[in-house]
Amino acid sequence: MINVGIVGGTGYTGVELLRLLAQHPKVKIKAITSRSEAGMSVAELFTNLRGHIDLKFSDPADAKLAKCDVVFFATPNGIAMQQAESLLKADVKVIDLAADFRIKDVAEWEKWYGMQHACPNLVAEAVYGLPEINREKVKNARLIANPGCYPTAVQLGFLPLIEAGVVDIKHLIADVKSGVSGAGRKAEIHTLHAEASDNFKAYGVPGHRHLPEIRQGLSNVAKKPVGLTFVPHLVPMIRGIHATLYAKLTKQLDLQALYEKRYQDEAFVDVLPAGKHPETRSVRGSNLCRIAVHQPQNSDTVVILSVTDNLVKGAAGQAIQNMNIMFGLPETLGINQVPLLP
Amino acid sequence: MINVGIVGGTGYTGVELLRLLAQHPKVKIKAITSRSEAGMSVAELFTNLRGHIDLKFSDPADAKLAKCDVVFFATPNGIAMQQAESLLKADVKVIDLAADFRIKDVAEWEKWYGMQHACPNLVAEAVYGLPEINREKVKNARLIANPGCYPTAVQLGFLPLIEAGVVDIKHLIADVKSGVSGAGRKAEIHTLHAEASDNFKAYGVPGHRHLPEIRQGLSNVAKKPVGLTFVPHLVPMIRGIHATLYAKLTKQLDLQALYEKRYQDEAFVDVLPAGKHPETRSVRGSNLCRIAVHQPQNSDTVVILSVTDNLVKGAAGQAIQNMNIMFGLPETLGINQVPLLP
Amino acid sequence: MINVGIVGGTGYTGVELLRLLAQHPKVKIKAITSRSEAGMSVAELFTNLRGHIDLKFSDPADAKLAKCDVVFFATPNGIAMQQAESLLKADVKVIDLAADFRIKDVAEWEKWYGMQHACPNLVAEAVYGLPEINREKVKNARLIANPGCYPTAVQLGFLPLIEAGVVDIKHLIADVKSGVSGAGRKAEIHTLHAEASDNFKAYGVPGHRHLPEIRQGLSNVAKKPVGLTFVPHLVPMIRGIHATLYAKLTKQLDLQALYEKRYQDEAFVDVLPAGKHPETRSVRGSNLCRIAVHQPQNSDTVVILSVTDNLVKGAAGQAIQNMNIMFGLPETLGINQVPLLP
Amino acid sequence: MINVGIVGGTGYTGVELLRLLAQHPKVKIKAITSRSEAGMSVAELFTNLRGHIDLKFSDPADAKLAKCDVVFFATPNGIAMQQAESLLKADVKVIDLAADFRIKDVAEWEKWYGMQHACPNLVAEAVYGLPEINREKVKNARLIANPGCYPTAVQLGFLPLIEAGVVDIKHLIADVKSGVSGAGRKAEIHTLHAEASDNFKAYGVPGHRHLPEIRQGLSNVAKKPVGLTFVPHLVPMIRGIHATLYAKLTKQLDLQALYEKRYQDEAFVDVLPAGKHPETRSVRGSNLCRIAVHQPQNSDTVVILSVTDNLVKGAAGQAIQNMNIMFGLPETLGINQVPLLP
């Protein structure tokens, strides 16, 4: 059994880690910390866990995290970077679901995240945990930077096109839509039900923190800088990301075959038959990314549709996928649920 | 392994049976029938099942149902009553998720359902599959009448009060709210998103088919006829039933203790601590019924709050719970998922 | 033209007052105050008002409220009671949309609202602004206690029964459901879209502040204390209240005729034909209360269904209705919009 | 007073016409027809109209449409083209809210709409009723082709860029999102609440009927054929369209000034201040189109955000705007409501 600790368990990625880990056959949850809720029963805060999780939140100071095999950080940005080093020294693997280790260019990171990085030395070591690109590196990683929700859906969508070198990488467009759980479990007015439901809007068009992360990932694949316009939108739904991706083809080829071949061995990427449109509910509660490939009206613009559950493949599920890989377990263990539909 | 057949798999109870049975360790799905979709891949209709269910819908006439161990009817009312007899003769157990065998008084059934009963002789044999009341009978049953969604939430809520004989059973009130999946996967205007969302209404106040079913169940427990006012409402949500139950106390007692004791051995009934309010999402996708007991302002009116997922404990999950009992399996096998929250 | 001031314009009742007053032919809005947003353009905060309202929020200290003819308080509880007296002395009429003047028993008010009352002397003078009961008193009032959203829907629903003396007033039940805008425009976790949508729950069952207000109103009509069980619920919709009311008949009579007669001259109460069920969207954005009367299965329990828009008839619209009456204008002036459906 | 007839009043554009016309000071509704609901009270079908519309649906055959001044067709495609000619001969103006007269190339129309055109001779005469482009032609029109919902939001968004000749018109991208009322009031499974809520998907990516309409409109402005990729999506909300438009700049200029200047005299187009993001609810129930202009990260890709209410500016409101222009009334008369927020 893998002894697991969770730092910061009161947000949506925290409860989702708990939901999935509670059913994982090789995991024992040893500690879950929360500064604000220390002493409270986890199942009192998240009533879905009654009967499944019998732990209390512990104070971060008291928690025996150093005795775990792996610690997940389901914290706001800026926390993992302060604690990762000491855990690694104690031979504890670290998986950060926040953004602390995602951007290799520390100055760039500091610009977008508005704070000084606490351990720039670990940034280089950290492995960007998108298994469909970095599986081999994940196997031996001590420190995982778990990808953001938008970056997961967008990168998996663009990947085959860029690897194949068949699109104009200077003018990529990602028009992406997210459910409101992506904003986290935070008391804010703009994500109230009375504000966000029966409504639709774009936000962060001038610049969103996931832009440099996606740009870095795609540029790594392209082996040169890509140009990306990234427009996030807020959808009145709880879970789900839908990325609509546009690129100009520089070469004609069988796009459907390209995608099917690229992902044929990937358990969590499902390429739909030609002509289909994935819907976010078809992956609700699951670690899947479903993708469809379109070339409307035979123009030179390719349209990729890519959907995920932002809390699973976009966060907690992918983190466990990384854990499975790091510990030599079957990659799908404990995260192979059937999506909930309707 | 139990060989399972499903008749009528294109509705919401059908897809929910498939979601749960696909993950059940002791089940092999042999056939799923649909007159309208025969030949179509199940996973094409219900994309959440891609990669989990590799069957096509078969024509009811072709399906080898007689070779199954058990057949679930996830059909409209009036279908199971035409096919149950021949299956039983072939030693196949039958679980009907529709209403054909729920009401013992055949004349009463015919009045509410507007059709003649095709096999009144089987009505007496059929066991009403609410395990929390009828577990022993379910064990040896050949034919199960799986309870309706409203009746499950209402009966589990009222049960301890009526067994204890502490309320005026002539004036029970059940004010019940259901998500729209309760109306089924049928093309109708009043359940369109543009009609049902951002809206709330009561319906069927003069009389709803679940009224005689609940009345029968509660009267059986009370051993005399109960008087019940039952008002269903439509909630703009997908899944979930919330029953708010009112009764006049005829005797003061520790209601919290009464409920905790009654359900202490029930895996799927969760009595919340005093003062709490269950929410439907706390059981989303699970077979649980969560109940809270209130006596506001110390008046003589008791208020019970009871929530279920109408597609699980109110339909497919309870049907599998009954199957587990009938085949001597652990009652929670394959239906012990953690609810999906948020 | 009536010169109008609004204190506290950043909540939902504030923006709704502005929406309605912007189109009122006899109103000129002179000032709208907000401590937190002073100096900000109203239409920047509420983009629906762009092109309709050309005011900035002013600091409460600077605002020339004393020169208005009437001031609406769209503030949290406890603000109006501190400022009403000085406005009244300056001959300004006051309409409080909060609860400060609703409960005549000051000790009772202090118990439920958890604060000391700042001007108990004005409580007796304040007129409870439910025009369907108190129209004559409203005409000459200086100070209006505008009713709460739940109390409006519940009182209008029960009123004819209690006036006629035909129900057991010791055991009234109000099972009431509200959209989330009823919780106000406040940053809180439990009303986030990711928490409140696709979900249903009761809350405040042990005791809710609207209970004493409803009880007072109904007891006044009955001329003796009523017994009321009041259970509020949160519906995943933005606007709307649906009250389902239960009472035991002590006398048989033509209930439909009773309701039609009682409300035949009321512009804002619409009694539906027998057998109908009102839905909340049928009053969305309007000042209407629609009511249906049922006696299911001819039992002795009467069921009344009553719907309103909580922000209009349950708040801002009723406040303007009171203003119209106080200033001798046609009662429907400026608040006779057609509800928005779908 | 203008005598108005409506053909086909049982859909969402029909009820929206009625909502707006009921409050229009210069309109008298003479007849509203429905084959299926003839004889039924309009307010019984659409309960929001109780007390505002006192008409019954009449049989199309009986209706005295020829005595009206103007007839609106709120019908499915293919109806208006059969009746327009005889109405025009009777000196009745015709405004078709369906697609019969929108595409000037009749062969193209027949390809996309799958039927033969019944009166190709009138297609040339029909004026495409987008007042912001065609106001002068609308003034003298007898027959208006009222634009589609997507085409209105997309064309108003792209218009200034194309008029100014500053973008690559061969590679325009319109990523557009619509509320489900855009699918009409039709009994279909995919728009059920249980299917469409808490879900997001693209549809019609290979080809959607609004593509040729938008392409025609933009090509007319550009005076040469444009290349357009158009991807519609279904949003779990009732009303609203959000168009996110992408184009490659061929010339740098002050885009904000360009848009503000272009629309400074348009009552129903509101250009937001720089840096803002319009939301669909900010135009709910109103005839407004709100637009924001972005050039993220100073790249050469411009992003335009354009929102409308699909039932108002995208249908019924724009139709009345056209009527106002045709009859010499103030353009905003009767359609200047404040949007409903929240």
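Here the chain labels run A, B, C and D in written order, and each chain numbers its own residues starting at 1.
The criterion applied here is as follows: a residue touches a chain if its C-beta (ideal position, glycine included) is under 8 Å from a C-beta of that chain, and two chains touch if they have at least 3 such contacts.
In UniProt terms, the chains line up like this: A, B, C, D = N-acetyl-gamma-glutamyl-phosphate reductase.
Bear in mind that the values here come from a model prediction, so they are computed numbers and not experimental data.
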{"item": "Winner on C-beta contact pairs when A-C is weighed against A-D", "value": "A-D"}
{"item": "Centre-to-centre distance between chain C and chain A (centres being mean Cα positions), rounded to whole Å", "value": "45"}
{"item": "Centroid spacing, where centroids are CA-atom means, of chain A and chain D in whole angstrom", "value": "39"}
{"item": "Multi-chain contact residues (two or more partners), chain B", "value": "12, 179, 181, 185, 194-195, 197-198, 236-239, 278-279, 281, 284, 342"}
{"item": "Pairwise touch network: line, ring, star, complete, or other", "value": "complete"}
{"item": "Chain B to chain A touching residues, read off their complex", "value": "12, 15, 19, 22-23, 46-52, 181, 185, 197-198, 238-239, 270, 272, 278-279, 281-286, 288, 290, 337-342"}
{"item": "Interfacial residue positions of chain D with respect to chain B in the complex", "value": "12, 179-181, 183, 185-189, 191-198, 236-238"}
{"item": "Touching residues (chain side chain D, partner chain A) in the complex", "value": "171, 173, 175, 177, 179, 194-195, 197-203, 205-207, 211, 227, 229-231, 233, 235-240, 242, 244, 246, 248, 275, 277-281, 284, 292, 294, 296-297, 299, 301, 303, 305, 307, 342"}
